[in-house]
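I've put the structures underneath this note.
In what comes next, chain A is part of two complexes: it sits with chain B in the first one and with chain C in the second one.
This part shows the complex of A and B:
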């Protein structure tokens, strides 16, 4: 017997209260400190200072660098992870003997902690005794300061981040591909559609909701990047690879606690705007058959 | 049955607590002082030694409360602001000390006999508003420029005594295929630009006051610009090698030990505690110390150690006992027992049992003549070795100009100054 339970509406209050207590209250109270004079020199009897800290963040010379870098990390990660995830998932969805083993292998980097990945790629990109430079030296090419110049350092960070995340994208996209009914593909084949046409007009539109999840996750986690940068470059050389995450950390380390929270607040607003805008537009790419 | 067991347990607990309090009282025939400090600092063998010596000698006790190392100062500050002030407090005598209201909270030691026994390069760190506010009791080091004496000898380079001679020595090293200085600039802090500022602040102590009052910026100090210019020119000439932007402190032993680079800005105890003498061609004793030349002081400079201060709560119930402890620590017989065999520069003039570094012993006259108290780091509010190093790296990398670099470092200082002043 298929019994359908309908719970009373007031039961929805329970998760709402939990959400309010454990998320809304802490984050609101946390952001309150952005409007106070909280610092290493003043931890009690805090004063309300209005938008002073927010203005100081917005006029800081370090914020534009962090802003641009954050967008680069998020953009490169989103595009590369989504594309690579799609390509690998498409291949792994085919009849290959080592398919199961390959799926596991590709997913392994995703279970490593950021610290481990950062240390691995620091060793790979290190100027002295780094793996890549050792290979280049064998070919007679001089050392390259991968982590010593902005362009190459940003590149190295992006490579590490993509390597760490592409496994997730593969698994999610693969799940999407496997949910596409073979009936549609067979019907297309009967109508004489080519492989490309099947992909372009059937597979891709049907898995767009899955791809959208990938894009949104990559975008949000790309914008939030901190630990990998912190381990690989510490935001350097100079402030060249700084992101919003490392900027918050630096403010905190300097004892400017309220400014750190202010950076966090500005960053959260940016994150919310990006997420809302993306979700608004991404629904247009989805198809329901 | 359960009720009886519970009652018996309660009775036992009460008996133990009563007996315990009797035991405590009998142990506390003397006084028990409370001491707050960074847990790591309190654990130092010489701290434990001096505490146990005093406890044995006086019959008093010290209740040591080690604060979480990463947040020690913040925790202590919270306790102070809520009125929880211990009898004794250990603080790294930097500009943050003012947050603890030293004049209202701590004993003034300016007239104590032991003040004249403190090394001249250390005493300024124990001073707050011209008053000696605590006893510097800590391990110290002599910072300077360390050089490979064998390489210098092979190339016929004399130890430089002026900025010009230093630059000439660097040029000679370069001509002979040796990187003059290893600068682990990727880590930012090893640039150690505070060394360049000590002589400037010694000559112009008013700069500290004006900087901290917001009446002056780094751009108003010509020597600050000179220092930045020197770093830029040195980088352009190749004094720091080709890879300084990605060089990290981890490779210091290797680069010096293999003779790839000949010099390093550092502190002498590092060669005893960290330098890997076993793996490379050159051992720690192959390195000598000479003054640092960073474009601000023609005769060069050394930097004295950064020390912790033992402070006494002047409003507490046990001022007499706490003061007795500090006077005990400052007694040559006692501190010489505590620092016996410890690798450190002497903080006290009569300190004899410490182990001086080979480098210091090899160039004692020069160090004693040119050593200056660490000033920028502990005295300038908002001085940031890490952020300043980052800005200098950007300058050396050619990303910003000298003026932009000065402004960047100053902006960071001002941000902290304003944040702390709010």
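This part shows the complex of A and C:
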């Protein structure tokens, strides 16, 4: 019997239609609104204004700030989380008695909502009686307004982000390490390789594919970050800690609808570029897709 | 040599437990703060409350908590059911038909992992369809947003099921839906469990999408309920913490009972061969 009869297309019809209507349509023709004068004050009789909105958001200070912040959030998170995940996973892969308990303790933050993590770290970095300032006070250092300045606020958000994601990186890297067959390592040992040589020439190349996928996902979700910033600073003070995600929300709340869509469009283009560039570096992504 | 190794491991173990304070401290702080009075709760530290105030939880529960819980349960249940079942059918057809069109379709769907949520266009579309602000509309949007990742997981798994099984069933006259239900579906149980649990945690924890798509607070999901106590000017940290504990409880329970599936799901995408 023919393949097309055994696997009829109509079975995939409903999922395809849902995906088409609620994802493809808004993500393609929906961006038409970026080229109109849509706003809270004008919701009917929209006029086509060409690239006016795109140009205005690109040349205002907001998008460049959000662009830099987004890269910082995603970059710091990806690098820190990957390195820490690597170190912890490597240690947890040794013969440690309480390793199941340790693994769980480190993983737990990953299951919380970003909202919850954001709230916890708002408290930790609070100016009056916040955990960090309490510790600093003990050492004789005056209160720091962590969330009140761009540099420290971005730092605080990164800390919260890393706190939530390290466990996830540990679990994935650990699974990668455990999939390395001990036969290879035994063989290496017989040839007199040191622990560093075993790691460098056997373990590392074997788990690189895992690490690559991990990095890509970490980058994509880092670039899309919204919740933590929204809860901790709301993008403020001013627009200092804004990412693309919060900028979209804040532009919408301010009634500048078409600008919000323009930001959204710029953001989509950025994400696609990052993914394509990363794909070039990692052939592994191909096989996952 | 071996003795030295054991000693190193012990030292590393102690270091790991010391570092884990960074993880445990904030969680413990939230738990203890949830039992304090408002004044004490402003101090963010780990200390026992001078007086225990379990009634903080009553206050939180009385503040529309049950309604938000109902919304969350409804939205999460419908969304996860939709995401998992739609992705399963889609992957089955895409992987098994394996025509050029199917492969292109698969590429387009995986683009959904990369592309960000087109917030305002989605709102506009839903307004035109007359489902903006409704819970069921939110479920449909979730289905399309989480379908890419789930489809990727299902496809990877279905590729590993030998085609000979299908052929045997086809001989017995089972094609299409019947083939899927009798042969493929029973084999998919592990992925159904993993994707179910993972999507549950994602949808339950989601903040951004409901903020865009639910226009009235009567439809708010549970995580949003914390904004009842977390205002711009007045923050009752004791109530915020009690709310946080209650909101996180379901995810923690699911994690405890379905740990195996959570871990399997998170690693399946990354570690394959």
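The criterion applied here is as follows: the second predicted complex is superposed on the first by the 260 of 289 C-alpha atoms of A that agree within 3 Å, B and C clash if a C-alpha of one lies under 4 Å from a C-alpha of the other, contacts with A are read in each partner's own complex, and residues count from 1 in each chain.
Just so it is clear, contacts are C-beta pairs under 8 Å (C-beta built on N, C-alpha and C of every residue); 3 or more make two chains touch, one makes a residue touch a chain.
Just so you know, these numbers come straight off a predicted model, no measurement behind them.
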| item | value |
| --- | --- |
| First (chain B), second (chain C), both or neither touched by A:65 | neither |
| Contacts of A:168 with chain B and chain C, given as first, second, both or neither | second |
| Contacts of A:49 with chain B and chain C, given as first, second, both or neither | first |
| Contacts of A:128 with chain B and chain C, given as first, second, both or neither | both |
| Which of chain B and chain C A:237 touches, first, second, both or neither | first |
| First (chain B), second (chain C), both or neither touched by A:23 | second |
| Winner by number of chain A residues touched, once chain B and chain C are compared | C |
| Touching partner for A:97 - first (chain B), second (chain C), both, neither | second |
| First, second, both or neither for A:120, with chain B first and chain C second | second |
| Partner chain(s) touched by A:88 [first = chain B, second = chain C, both, neither] | second |
| Doubly contacted chain A residues - partners chain C and chain B | 126, 128 |
| Chain C-touching residues of chain A, taken from the complex the two chains share | 1, 3-9, 11-12, 14-16, 18-19, 21-27, 29-31, 33, 88, 91-92, 94-98, 102, 104-106, 108-109, 111-116, 119-121, 123-124, 126, 128-131, 134, 163, 167-168, 171-172, 175-176, 179, 210, 213-214, 217, 220, 224, 226-227, 230-231, 244-245, 248-249, 252, 257, 260-261, 264, 267-268, 271-272, 275, 287-289 |
| Interface residues, chain A side, partner chain B - complex | 37, 39-45, 47, 49, 52, 56, 60-61, 126-128, 143, 145-150, 233-240, 250, 253-256, 258-259 |
| Residue ranges of chain B in contact with chain A within the complex | 73-74, 77-78, 81-82, 96, 99, 185-188, 242-247, 251, 254, 382, 384, 386-387, 390-391, 393-394, 397, 399, 408, 411-412, 415-416, 418-420, 422 |
| Chain A partner contacts - residues on chain C that touch it in the complex | 5-6, 9, 12-13, 16-17, 20, 22-27, 29-30, 33, 42-45, 82, 86-87, 89-90, 92-94, 96-99, 105-110, 112-116, 118-122, 124-125, 140-141, 143-145, 147, 152, 166, 170, 175-177, 179-180, 201, 204-208, 211-212, 223, 226, 230, 237, 240, 244, 247-248, 251-252, 255, 259, 262-263, 266-267, 269-272 |
